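Supplied in structure tokens, the structure appears directly below.
Order as written gives the chain letters A, B, C and D; numbering starts at 1 within each chain.
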């Protein structure tokens, strides 16, 4: 099946690519927004085994309508279990949750994410919402996938504030010493997939019919052509899109 | 057993002091709007307010200039955007902050709840977050030699929470999403609880598993139906997402926000008036919009 | 009202005396047996505010029939709340529970209790059940009352094994350094009430019509005559006895 | 989702290995007798078994000579008396022990559940108890300077528990007294659950607050009605106190205990036979003797 990805909005394209990445995982720590949408899409298509875990304590829900808060009625509805946040974060720290999805206002070359301030911490241009659970997930989850709309202003060489720690040669060394997992391994935009290397992000693959110029436009990192052919999408993911109302 | 039912005025007046550290319950669900608004009406100042993920109730308390400091993991208007009053206060340096993460706030409360002065954690050791907290210390496990951050206990003076029901003695029942509400309440020295409905003790005893706070820990119980609006209560009413969305525009503008606070807080004399301002159309819509989270009451 | 204490079994006499000691307390950490009976009796008479807390997690129950385990159906039945043991022990450690009642196989001059071994730890004459929650309660509860049937074999100068730490001059000093409460302050037998001093137990008062010789018979400690007149019992305690089936 | 239902034989055979550390659930309530008896029937040896308060199921496992070590806070026959098989094994030095307290065992499991290698506690610093554990270390709070015992994490290889119900995917629902059952299960690497009844996933979703273990943590689910006898299951049947009382005399005498184990364990081929041995009279009595703990199923 030939998929015309340009038919879909940028956020849907991110969810489509991310859904494929969730195959083989049993439990997923998700936040509201594109992460939640991507996980729902995966569960409806390529990974029915995936248990969605929200930091509010809801486990096993499949919210098909727009949710504003991780504690929204739509998240509680249809859950197999509602426990407390301590339990969910404890499971995270104990390495009992397989994979996590994060987004942020800024991302840098080594996958550091910023959701705290634009500008200086004490004298910011924009004071944002802060970590929430993002720092915790970035420190603790064994497999971390980052989802970012391709908005060049949000891609920087070094984030103004590293709310959620990244990876790459130096950070990985510190993570090892602290017995923490490796950090972000995959970055998904609405045009391409990137993977983490010792020296930062590498362009892994692009959506069919997107050019290298499009996939890297405005990104401040020096990137080489993709190391792999076009991203392949299981047709069931596309079919499942219809079930999600967002 | 002592009857602990009270009015919102007396409960706040008799239990909260200027300068107190207050844990405010509710994680998307069960946010104690009406009960906490009483802090504004009574102008109880110099407060430190804390919780993991804070939404527009924190924004309103900050805008009302009764908050000296916030201790938080997140403060915003979920999905919609920023907490504009917080941003303004932060930039004006009219508010102190202690900025953690959701997990670390919960672990801070958990340490207090367990009666110890710290717990070890793997978080807050890398990135720029540890530098947020100048006094944060590390600790080494005496068995494994592994390094952990030492998460210090956070023991609030008082917790304000909202729940589905309680008996008049203070046995509190709650279901649906909790987040860190119970953790924060049990960590605190005093607990004030507003509920949708006061029920009999024999009803409580029919399902003791639903009780989340025992009577001897509770200072006062107040029946405040719709007291969690515009957040929601599983089994009673849904979340008013529109109210949250509109609040974004309102809170960007200080004049608009003043009118909002006058209308929704200062001029409201009792919970019936609060319900009146919400309006019958909205009430009907939210009662019907429960998304299947059924009323187990 | 004149009470003829000899009408009641030794265990009931202990419960009668202990009930008076619970006045003014709001929450009581209780174990199965005489402690539970004494707390029920107090709640039915002189201290209706008392919330009984069992280490199984049951709070607010009033078991009026014999219970074998702290997790028995009779303990769950009638509870206002059933939580987990972690919560109850956390409340204990946080100083949120007012008073505790303990019994044991052996007690010594400084209120150390033994429920571990008779004889040496590695080569015991009798290997008993171990601490359970007794050590924890003895370390942590702000007010500790010990209940012991007057069986001279169980009263010793120094326990074979200090499962639950006592009090008195030396132990109190260590407790202070560790920020622990003072330890046992009252000992109740079926004949008398003792209070802790720097130098160990003092005979405080006796049940009416019991002699000094009876109250101290076989106790290895050097004891002086009681420092107070006969124990007074509120008649409501005696009336409430009829409601308890044990 | 994967169907995780299994037979007791397969679940134990495929998940438990000689030498494993096993957490055994049940605190007076919900003790997994039938499920754990399968360890005896399959002669899985060199086991380390652990929990806070242990009753006659531990005695039976010890008597069957499959236990190398017990880690415990209490081991006995509640109110009735001692664990005679434990006492004998202890005196013969045929069993290793690691003797804690109920609170410290629970905190050990809690540390593992939270993913840290220790938690601080105020207990185990005075009296003769700290000397029970040669390797026990102290830790100083970096904020207050207070001394705590460092309670090391206890992460069992597998937990065996019994609950009221579960769906076939492994979402487990439990109510009534829990003790340290959920803590121990969540601390363990694998979890096997026997239940009174397997119910539908849609039934589970009707009351998600009753779910205590999520499906992705569970290895196998086995429907074993009466599997907790002679302990009890809230909503299903009461505790057979007489069985516990009689077990005292039985377990004092090694020959009598052998016959007991033959009758109640070795010769029992399935849960229907177990129910047959309990007998109809007893079953009726225990179903009626629920002390009002109602069936919420």
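Everything that follows uses one rule, which is that a contact is a pair of C-beta atoms (placed from the backbone, for glycine too) under 8 Å apart; a residue touches a chain by one contact, two chains touch by 3 or more.
Source: prediction; values computed, not measured.
Least step count on the touch graph, chain B to chain D: 1. At the far end from chain A, in terms of centres built from Cα atoms, lies C. Simply put, of B-C and C-D, more C-beta pairs touch at C-D.
With centres taken as mean Cα positions, chain C sits 39 Å from chain B. Taking the mean of the C-alpha atoms as each chain's centre, chain A and chain B sit 29 Å apart. Each chain gets a centre from the mean of its Cα atoms; for chain A and chain C, those two points are 57 Å apart.
Of all residues in chain D, those touching 2 or more other chains are 114-116, 121-122, 146, 175-176, 209, listed in ascending order.
Looking at chain A, residues 58, 76, 78, 82-83, 92-93, 140 sit in touch with two or more other chains. If each chain is drawn as a node and touching chains are joined, the picture fits none of the line, ring, star or complete shapes.
Contact annotation for chain pairs lists A-B, A-D, B-C, B-D, C-D, with touch applied as defined. On the side of chain C, the complex with chain D involves touching residues 32-33, 55-58, 67-78, 82-86, 89, 92-93, 112, 116, 121, 124, 126-136, 138-140, 161-166, 171, 174-175, 177-180.
Chain D contributes residues 1-2, 112-116, 167, 169, 171, 186, 201, 204-205, 208-209, 211-217 to its touches with chain A in the complex. Chain B makes touch with chain A in their complex at residues 26-29, 52-53, 55, 72-76, 78-80, 82-83, 86-87, 90-91, 99-104, 106-107, 110, 121-129, 132, 146-147, 175-180, 182-183, 232, 234, 238-239, 241, 244, 289-293. Residue ranges of chain D in contact with chain B, taken from their complex: 114-122, 135, 137-139, 141-144, 146, 148, 150, 152, 175-176, 206-207, 209-210, 294, 296. Residue ranges of chain A in contact with chain D, taken from their complex: 26-27, 48-49, 51, 53, 58-60, 76, 78-83, 87, 90-96, 140.
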